[in-house]
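Both of the next two complexes hold subunit A, though its partner changes from subunit B to subunit C.
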Partner chain A sequence: MIRYLVRRLANYAVLLFVAVSLTFVLASVRLDPYSVYSLRTPPVPAETIEGLMREYGLSHDVPLWQRYLTWLGDILFRWDWGTSPLGVSVNDEIAVRMWVSLRLVLLGSLLGIVVGVAVGAWTATRQYTVSDRVVTFLALLVISVPVFVLATVSTIVAIRINNATGVDIFEFTGETGSVGAYPGAALVDRLQHLFLPTVVLTLTGAASLSRIQRNLMLDALGSDYVRTARAKGLRRGRAIRRHALRTALVPTGTYVAFTVATLFVGSAYTERVFNFRGMGMYAVDAIGSQDVHGIVAVTAFSGVCVLTGALLSDLLVALLDPRVRLG
Partner chain B sequence: MSSPDDAGRTAGRTVLTVADLHVTFPSEDGPVHAVRGLSLDLVAGETTAIVGESGSGKSAAALAIMGLHPPGVRVTGSVSLSGTELLGTSDAVMSRLRGNDIAMVFQDPLSALTPVYTVGDQIVEAIRVHNPGLTAAAAATRAVALLDLVGIPDPALRARSYPFEFSGGMRQRAMIAMAIANDPAVIIADEPTTALDVTVQAQVLEVLRRAQAETGAAVLLITHDLGVVAGMADRVTVMYAGRPVEHGTADEVFHRPLMPYTVGLLGTVPHPDAPDRPLTSLEGSPPSPLTPPPGCPFAPRCPLATALCREAEPDPARPFEAGHEVACHRARDVRTDRLTYDKVFPVPRISPSPLAGLPRAERDTVIALHGVRRHFPRTSGSVFRRRVGTVYAVDGIDLELKAGETLALVGESGSGKTTTLLGILDLAAPTDGRIVVLGKDVSTLDRAARTALRRELQVVFQDPTASLDPRMPVFDLIAEPLDAFGYEPGRIEQRVDELLDLVGLEPDHVNRYPQQLSGGQRQRVCIARALALEPRVVVLDEPVSALDVSVRAGIVNLLADLQGRLGLSYLLVAHDLAVVRHIADRVAVMYLGRIVEDGPVADVYDHPAHPYTRALLSAIPIPDPAAERGRARVLLAGDPPTPAEPPSGCPFRTRCPAFAQLSEDQRAACVQDTPGLDVVHGLNDHRSACHYTGLIPAIRGLDDDAVWPRPTA
Partner chain C sequence: MTAPATVAAEGPQTARRISSRRLILRRFGRNLPAVLGGGVIVLLIVAAVLGPHLVPWSYDAIDPGAYLQPPSGRHWFGTTQSGRDVLALTVHGLGKSLLIGFLVAAGSTGLAAVIGTSIAYIGGWYEKAMLWVVDLLLVIPSFFLVAIITSGSGESAWIWLVALLAGFGWMLSARVVRALTLTVKEREYILAARYMGVSTPRIIRRHILPNISSLLIVDATLNVGYAILAETGLSYFGFGVQSPDTSLGTLIAEGARSATTFPWIFLGPSAVLLALVLSVNAVGDGLRDALDPSSGSGGRA
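For the complex of A and B:
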């Protein structure tokens, strides 16, 4: 098992290296870090810009392979992922944003999983009833509405409620705001700010997962082993929980591990609407600001996330399914 | 594990009574009447069988007794367990009875066990749900004891195995262990052996008998296999289109059937006393359960049907004579005129082969296999594949198929039958050895020659539903091979018409899609497609095993007739050994990739030489209760070893009943040398691969009585 894991990780490292290198080449060729300074008033002299670019390792006059080697050397020997065209350290940027994303995504997706699995399993046991149809309709509604619409609508509703009550119950800009003077106020403030984006992420995650879980659960419910469990004398609820749900969770494990990891970079819209300066927004901003090193770092980060997700989902399946573990 | 009704469970006492049971499913097209008026008494210590084709309502009835139909399914009538009415009771009440008083064994043991729990845990769950006071440790001990009882070797260890680590037979044993865990008064077994090999079927039926003896339970056995019924049942109920049409003791129903459907059904099964008797074919299919006809549902298929039969449906089976009930307007005539299947149903016309007179040695050889091996690499790891061993799927076989004859390959699953067939169909060089088809060594063929040879070699597969594209009408399905070989459109049309007529389909079937045809008709389409290019050899891979019993005989007869008319040679793989005896000329018995016995079918069946053949033949259930009762069986222990690690020497020695009785010195040969095929009884084309062929008939348990009972007087 250890040998298997080591080999697997080595395989991932190669994959990651190739992906990141390609991104570096692509970003260096397509992006124009010089343009960041071109509209400055007063205009910045070309020599100054060139000087800065050489310092940051972004100069077009230096051959691409040389820039690549410098950049790679910095990472390998000094764990320095470079700077943006404006000289901001990519390491610093990611160090902050990563935790912002983690707080937001972890909470939202965990809740999304729990709600999604529960709703999916529940509607499967009530196939074609009114409640099943209502939940199906709502889930499809959430899935088909773009997430920025959903996020914006939630802020509008929040504003209405805040205005109606006259108290700022909901906070939806940034991670923190005006902190009160009572004990634990800082925590309350953070939770207030986390609330709406978490709701949005939970809803979108739960909506699609509930559809998948419902189908998996329907297969499990119609299976012979659930009938066997019932024939043994298990009550319906217990047969469903112990036999149908347990088995239907195996494929969910794979799916979930993978999505959570990709969410780190994938929740750009939610971050944008709620002004959370997380990784998703960084990806968008980096492209907008011609930040070659930033975008390569984001790619590397999301690559690590995807591969971690893949590994996690394999481990999770092995954990959940004896056929994989022992077969 | 005593339950309150133990005191009353004396043999002969009725424990469960089903009266006028009706089951109706809702569907988009209207209510489906699955069961219509079933009445049954289950008696402690006795086995009652329900026989019927798919869709006859037998499984729906079983689930209704268990109360396992989902809400929305209408169940009316009465089911009472020792006087307590079960229909209409709550799930809570039923849950206390299920698994405790009424237990059930399901058909497919692969899907009937939860894949993520160990077998032991699943038995423990069955015990503890009804005995909440019992500790986990005590329940686990009892689970191991139960696994031991049903014959799982090393039960303490195997209790910790997951279902996927069990073979089919072992899973079904585990299911039976679970069913008897709480000493139930009634055990319902729904097609318990349908998915299993004959040898394993014999083992599992033996376990079921032991389970019944152990618990004194009443067993309700649901099956379509008349042979299994004959060996197991005390009473039989025949169901057709949701109705019980005949009910009586097994002897009455088998030997003096009253309902033409039963009469016909018995005629469709090959009988060992009369292997050459043509089989009755029951043409047509049961009526749709959505719109049952006004009269008797069997009337459209019944040669005895009168105007009355078509207008009024007879009441569900009612007493005709002592111990025998029937639902038929013509029962009296069947009895007084002593109508047997050959008198009721038309005797099929089977064309004689033009080659019939020609001795075998003078016929052309169409397929010859010389020392053919087919090995597959065994790999491990999902990301980095590496070879960890070899699967010896086919390990050195010689076969010869002559023009106009049928050669059958028989053996358990995993014996290499299908690999052999596919190897021939591939027309590619095997791992080792030579495959010669119609005089051409396949390893020397170029592309064009291989395509040309494909015309001569066609195949019919097991499942006609899976082997016909559901989006193509019958015409396109049959025309496809013709099109591929460049027939003119006009010629294709003419040829399709000829083929439809040849296989007994109507011209207007050309526009139908496979799903609009019955199973038998679909298989006829497959046969027509195989014959389209006028091949000389047809490979038949389990051609009837996916079909309902009543239409199997029709296909068997058709194949026999076509062979005579077209001078075809058949290479047949079948696990139904009775069918093989009926249709094959020669048989080769395979075990772990080798042929252990071959020869003319009559010689091999009547004088089997190899211990494995003897065991295999003795496992065939015979549709005759008297013969089944007087039969001593050779039961093989366990499952065949995996072809990845075959035993040294004789591959069969690990399960061989003769090996167990040999002396240490005698065994040495079996362990060290792999026996080759040797001529038996001085007959030059009956061969057996056993070091001790001459000794076998004298060995206890392998004597001739055990194999194939002589016809009863």
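For the complex of A and C:
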């Protein structure tokens, strides 16, 4: 078991290193940190820009391999992921944004998992009834809508409701807004701002998960051991929960382990629409502002997330499925 | 379908054999969402091709004085901030999105077919190396790489976008293709072909690919949906298709900025996108059921 994990981990580490190095090379070639200063008034002298770029390790005059080695050395020896062309530390930026993403993703994905599993299992027990068809259609609808369309539509609906009632029930820009003067107002304000993005993340997560769970559950419900359990006199509800659902949850667990990790960066659309300054938006902003070190750091971060997810799902399968033997 | 009465009257000897193509068409025809989806896709393609001639406004024409007008008889989908007709823009953008979707689907499914079959059939070091490449490409955050490359390439960005989306989209299907090929490659007729001296590319083309064609057809269909979603997603952030080039993604991005005050600029292209993706997915599901001999969802054959 341990040997298997170590080998798996080493393989992942090599993959990650190659992927991040490739991104560094590509970003250094394609992005132009100098252009950040080119539109300044009064114009910044070329020597000043060059001096700054040399200091930040972004200068085009330094050979690419040398820039790469400096950057790699800083990470390995000082855990310093570099600076943006404007001199902002990448470490500081990520330290703040990570928690924004965590707050957003954790709540949304937890709710999404619970709702998705429940809805999927429930519709499977009622296959081809009206409620199954309605839920299936709704899930397909949500899966087919891009997240940014769904999120934007939710803001349109929210502002209509706000206008109709004359009260700002829904808040949808940023993490915090105007805080009232009553006790606990700060918390209420934060929850208000979290509400819509969480609903959007929950809906998208639950929609795809419910489809997977429904298929798994249908397989489990048609299996011999569930029929045996029923034949031996187990109540329907108990047979479904203890025998069918339990087996059907194993593959779901591995899927969830994988997707939750990717959500850290994958919620960029939700962050954009609701103006959350999380990791996903950091990536988008970094490319827009020619921030080579920033985008490479996010790439590394998301790579670690994906690999953690992959490793977790490997582990879960090994732990939960007695048929899997690790050599 | 033949009525039971006539079958009984004419006797069993006239029970015609149905060709597999007709069988598949018949199974597909019973799936109402898939047929509807197919109809919508054909309609959208016709709209994208003929639309520019049917819509009274050209996509770059400006209607002076009609800025940010809600939908009306004059402009069915309303107008933008610069007085351009949203319907004309949507039809124009739809064409680009469809083009990207179909090209990417053809490219990534083609790559998956060639690479998946060849790594399973040839094996050895080639297989090990390619599987490692597959793992690497799955780890690389392709979204960012595509964004970095397309963000500064102007009007040719959409060609880059097609190449990159296809280049990053084949890995999972290639794995499935490989697994299927492994089960096929030891069959007698393939061994026979090999011992008769048929070359490897020819065996793959003539004997292996036809065996897994149903998987590839379904894969290509679903890839159209993925590609269009990827295009709109990238363009939404200002990557992917670059202005002045127009796609559904750039239109939705433009509309989303003022969606709470002038929702029609956003809702028109979004509705078209939703209809397109829903239809593609419905057709993909229908094809899967129709092509899968073990599927019971199409009813009795």
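Just so it is clear, the second predicted complex is superposed on the first by the 315 of 327 C-alpha atoms of A that agree within 3 Å, B and C clash if a C-alpha of one lies under 4 Å from a C-alpha of the other, contacts with A are read in each partner's own complex, and residues count from 1 in each chain.
The rule is short, and it goes like this: a residue touches a chain if its C-beta (ideal position, glycine included) is under 8 Å from a C-beta of that chain, and two chains touch if they have at least 3 such contacts.
Quantities reported herein were computed from a predicted structural model and do not represent experimental measurements.
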Subunit B versus subunit C as contact partner of A:L26, first or second or both or neither: second
Partner chain(s) touched by A:Y269 [first = subunit B, second = subunit C, both, neither]: second
Subunit A residues touched - subunit C or subunit B, whichever exceeds: C
Touched partner set for A:A297, first subunit B, second subunit C, both or neither: neither
Touching partner for A:L245 - first (subunit B), second (subunit C), both, neither: neither
Which superposed partner A:M217 touches (first subunit B, second subunit C, both, neither): neither
Touching partner for A:L320 - first (subunit B), second (subunit C), both, neither: first
Partner chain in contact with A:V119 - subunit B first, subunit C second, else both or neither: neither
Touched partner set for A:I287, first subunit B, second subunit C, both or neither: second
Which superposed partner A:L16 touches (first subunit B, second subunit C, both, neither): second
Overlapping contact positions on subunit A, where the subunit C interface meets the subunit B interface: 11
Parts of subunit C lying in touch with subunit A, wherever the complex brings them together: 135-136, 139-141, 144-145, 147-149, 151-152, 225, 229, 232-233, 236-239, 252, 256, 259-260, 263, 266, 270, 273-274, 277-278, 281
List of subunit A residues in touch with subunit B within their complex: 4, 7-8, 11, 223-225, 227-236, 242-243, 246-247, 250, 320-323, 326-327
Contact set on subunit A toward subunit C in their complex: 11-12, 15-16, 18-19, 22-23, 26-27, 30-32, 140-141, 143-146, 148-149, 152-153, 155-156, 159, 265, 268-269, 272-273, 283-284, 287-288, 295, 298-299, 302-303, 306-307
Residue numbers on subunit B that touch subunit A, as the complex places them: 66, 68, 91-92, 95-100, 103-104, 106-108, 111-118, 125-126, 129-130, 162, 164-165, 175, 178, 182, 381, 383-384
